[in-house]
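Presented sequentially are two complexes of subunit A, the first with subunit B as partner and the second with subunit C.
Coming up: the complex of A and B.
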């Protein structure tokens, strides 16, 4: 046993204090508020109300976030795979230059851009019409669940790609060449040889993206209508319109649970790998 | 042109560049089926580039590569049907031994049971029986490279490329694997191209040695030919004849007279270039004699012993001749500072006219 060091404790005290004040206290407060009634005492009333009013929105949120995560994975793998296995130098260099831009654009700006891009008479439809791909009458607005997913994916793909391309660049290049040498096409090499070696990084990127998208308020508020909408919008609405912190906190706890479930999947996978290694 | 269609590998004036930097300047090489070729050279000479271009990982800017008559120069690596071993083993860490060795068969659509049987046969051949379900990360270096060899041989390739596969292994395993690869090659009859910077490895494994220098082939020949009759100062010093000494050769009667600064002249009747020449020789051709000895066909350089070691079996001396030092081995015991003669038999020296050596690229 090493002696607990008082000096060491002092060194980490500021960090601990920050976690306590900015995370643990609000978390405890919202948990208490979610599970108690004003008179005091444990109650699930707020959860009943939250599920009663917003069960569709909870499912909608799950659908949006899971779909966006899967699409983000797909696009990130495609881009990082092209960067790693591509053989067209100009394509690789332009892709490398372009893919990171959305990283530097905040969600709220991205949402605003998407409003003008995806609207019925927005840039996207106008371009399609101008190119003759689509008749003006066929133009529909994408400012609904599709708009949210497009914005999320557009915003999160660069982040996951950045992590994934870095991981792919650091695997032994000879393992890729060994695959191609034995007769595997580049797509097979990507799926069977490269991806399994970077699966851990992909998983981390997707878990972080999932949690980020779960907590974004601006995009569902600005891009889509109000029915159905995401839980963040409902929480804001409960607080701003009714001062109903208790239901908002109950919804918050459900969000924690969803994020916690994803984190659990990640941790379990991690532990499995460590045991296997 | 003119390489027979039956050649396993026929390379015609191959040029390769990395950007603006030219790495291979017109390489011509023909490898017969079943032949074991070693490409030897110092780092940066282009030997690995040549191998990678044959495999298809590096694009040729000019020239042709034909495998059994089939032009592959613009073919992607997966279509060339060769197998390769890498310096870093390049095993897939997420797969078991079975997964690694059987991958090539899986790509060729072989049924699962059949893969298992064939992998078992190969593992038996490589003394790895029973390791099918072991993770490759749990194997030793020697076992890993054996698995890599098994993976390459599983597809029964006609051509095996070896990119310094033994250089990461410790000395004992290296020797063992060296003879294993060689005997497998004899048994299975594949054509092998082995890139290495290890002279002994090349000499013991290959039927023919290709010495490369600065993106060109300096000499091709059997190990004995290249070792005993290097065609240039570069090849001579690369093959170990790193000591040099200036001689002056003039015709005298039926033969020649060989004069050396600070040494005794000698006459000889061997075929040698005339005029000022530089002799390249290995330590082991020199022997000790009396300082005033005169022996036809050998030059004697008088000097003094400055160092004596006993590595076992014989003594090793350092002999100072003027301001130069040569290492020589001898069975007899000599005191330090003894006056001796360093005897160099002319037949064992590699002689090159001094004029042509100037500006040559020495290793």
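Coming up: the complex of A and C.
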């Protein structure tokens, strides 16, 4: 291996400085604030408080994010699979045109739309009633955990699908043709031949979605009431109402830990593959 | 972290706003309507009477969080020894106390011609902190229970009656918890004042950390109560659900209620009820940062904003707030219809009897945190 060149280092210096100033320093700051009490000294008080007040919300957050990730996986596989293996040209072209739209809509706009769409007497239920599918009395509000999950899945499916469909398009078509020629159904080809070849990409997409959903504030705040709610709302509340950065940072550290665990699963999987290869 | 963020913020402000000789920067906490009020109404009026002056309004976000941002900025600028780039700030009660204590504000009220028109207690006592002379109330706003008279023939008169009503009519009452805006917070502090024991002590102090232990019964009752209510997403969420007929009753800000009604976003027959023993309201304050370069302009701006004419036309007529200065100075400037509009559902007597201040700072925080611990978690 050659020694790192001086000019090379200079070239990446601005990027490194940016990471240090805008990511590593705040991260260190927030860790320090979470683990110390005023006047110095290591302490877990803020974590005790975070658990004491927000244990339900932490579990709720995990539930929401994990469920949304699984549903995202399911829908993305279905859409990308249809795009790759479908045999109806107009269906494929319209799906290809439609599925990307949510990518261009920010979370907060999506949340605002869902707020009127999913309400008890909102657009969705009213349309069902008008079509005669549902009686007005059967209408229920989806503005709770279901609303958050629906918004998250709606928003993240295109992102994962985009990656997945790209990966599926680049695999060797011969493997698919072989399976089809030997009489395997399209579903079987998708599950047994296509998916194993793109599992890596799917995993990356899902890990990125998981971390994104974990950090969204606007959706839980706007779509659902606050009991229970997601950790991001609690962090904002801690700071806005009490100016209490320490407990908010403790909640932040719990978030890092959750995101870190997911990243670890991904990395471990990656290393295993590299060893196998 | 704060400093680097602030520096970035500065850069943005400096880039977008080439400094002219006379710019008055007004930073306001609160909802968008506060920014609109200054940008569309007060600012142009002031610019007209002061040629060459430009009023720039900056919103810092709703609720105490907005005031907290103003506090953090002034605090950072003070620590850096820099002049503040806000000339007038509009803040909530909680932040006003802290800012006076940390000497971030100027004592300016006694020099104002309108200073002596202020009579309400909240102009001097902000949640237990003495702010006398440092703040001018911009307006006073009040929470109350809004209800749909088609669905609720006999609205409850008190918290106790409301609690019974909710048992008989599950999921017909909605409020936004404590993390979705102040109307929910007001409902909860009102609940604790009603059922938690010594209400007067919550309003005036002295603070005793042991008091919160006496709220256990009130809080567990509230948890029971919550099982039969809808938790709505935000202040506007409660009004939205009332509008769509999804709930029949819920706590709201009086000014938002009238504004929404005027805009046709609520059924015209929706009404208000201020239940006993009382629900809280709060003023927003005009204040001047201790280190501003535009002290004189700032004072003139606030004098205009608190003049009886502006209080009548802007505060009462346009935005449906209760005036910040003594109402008897404002009444002669208003048509009878405009005046009556504010006092039909909630009579001046009801307002005097049941319009309460929020609990003092430490109790306020204790109530919120006890709620998080005992009710929400």
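Throughout what follows, the second predicted complex is superposed on the first by the 272 of 277 C-alpha atoms of A that agree within 3 Å, B and C clash if a C-alpha of one lies under 4 Å from a C-alpha of the other, contacts with A are read in each partner's own complex, and residues count from 1 in each chain.
To be clear about the criterion, a residue touches a chain if its C-beta (ideal position, glycine included) is under 8 Å from a C-beta of that chain, and two chains touch if they have at least 3 such contacts.
Predicted model only: the values in this text are computed from it and were never measured.
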item	value
Simultaneous placement of subunit C and subunit B on subunit A, clash or fit	fit
Which partner, subunit B or subunit C, touches more subunit A residues	C
Which of subunit B and subunit C A:122 touches, first, second, both or neither	second
Geometry of the superposed three-chain model: angle at subunit A (Cα centres of subunit B and subunit C, steps of 10 degrees)	150
Partner chain in contact with A:23 - subunit B first, subunit C second, else both or neither	neither
First, second, both or neither for A:264, with subunit B first and subunit C second	neither
First, second, both or neither for A:180, with subunit B first and subunit C second	first
Touched partner set for A:240, first subunit B, second subunit C, both or neither	second
First, second, both or neither for A:172, with subunit B first and subunit C second	first
Three-chain overlay, closest Cα atoms of subunit B and subunit C, distance in Å	47
Partner subunit A, residues of subunit C touching it in the complex	1, 4, 63-65, 68, 71, 176-180, 184, 226, 230-234, 237, 240-241, 244-246, 365, 368-369, 372-373, 375-377
Subunit B - residues contacting subunit A, complex	55-57, 76-79, 81-84, 86-95, 103-104, 107-108, 135, 137, 148, 151-152, 155
Residues of subunit A that touch subunit B when the two form their complex	172, 174-175, 177-185, 188, 192-193, 196-197, 199, 276-277
Subunit A residues touching subunit C - in the complex, by the definition given at the top	21-22, 25-26, 29-30, 52-57, 115-116, 119-122, 141, 143, 221-229, 233-234, 236-237, 239-243
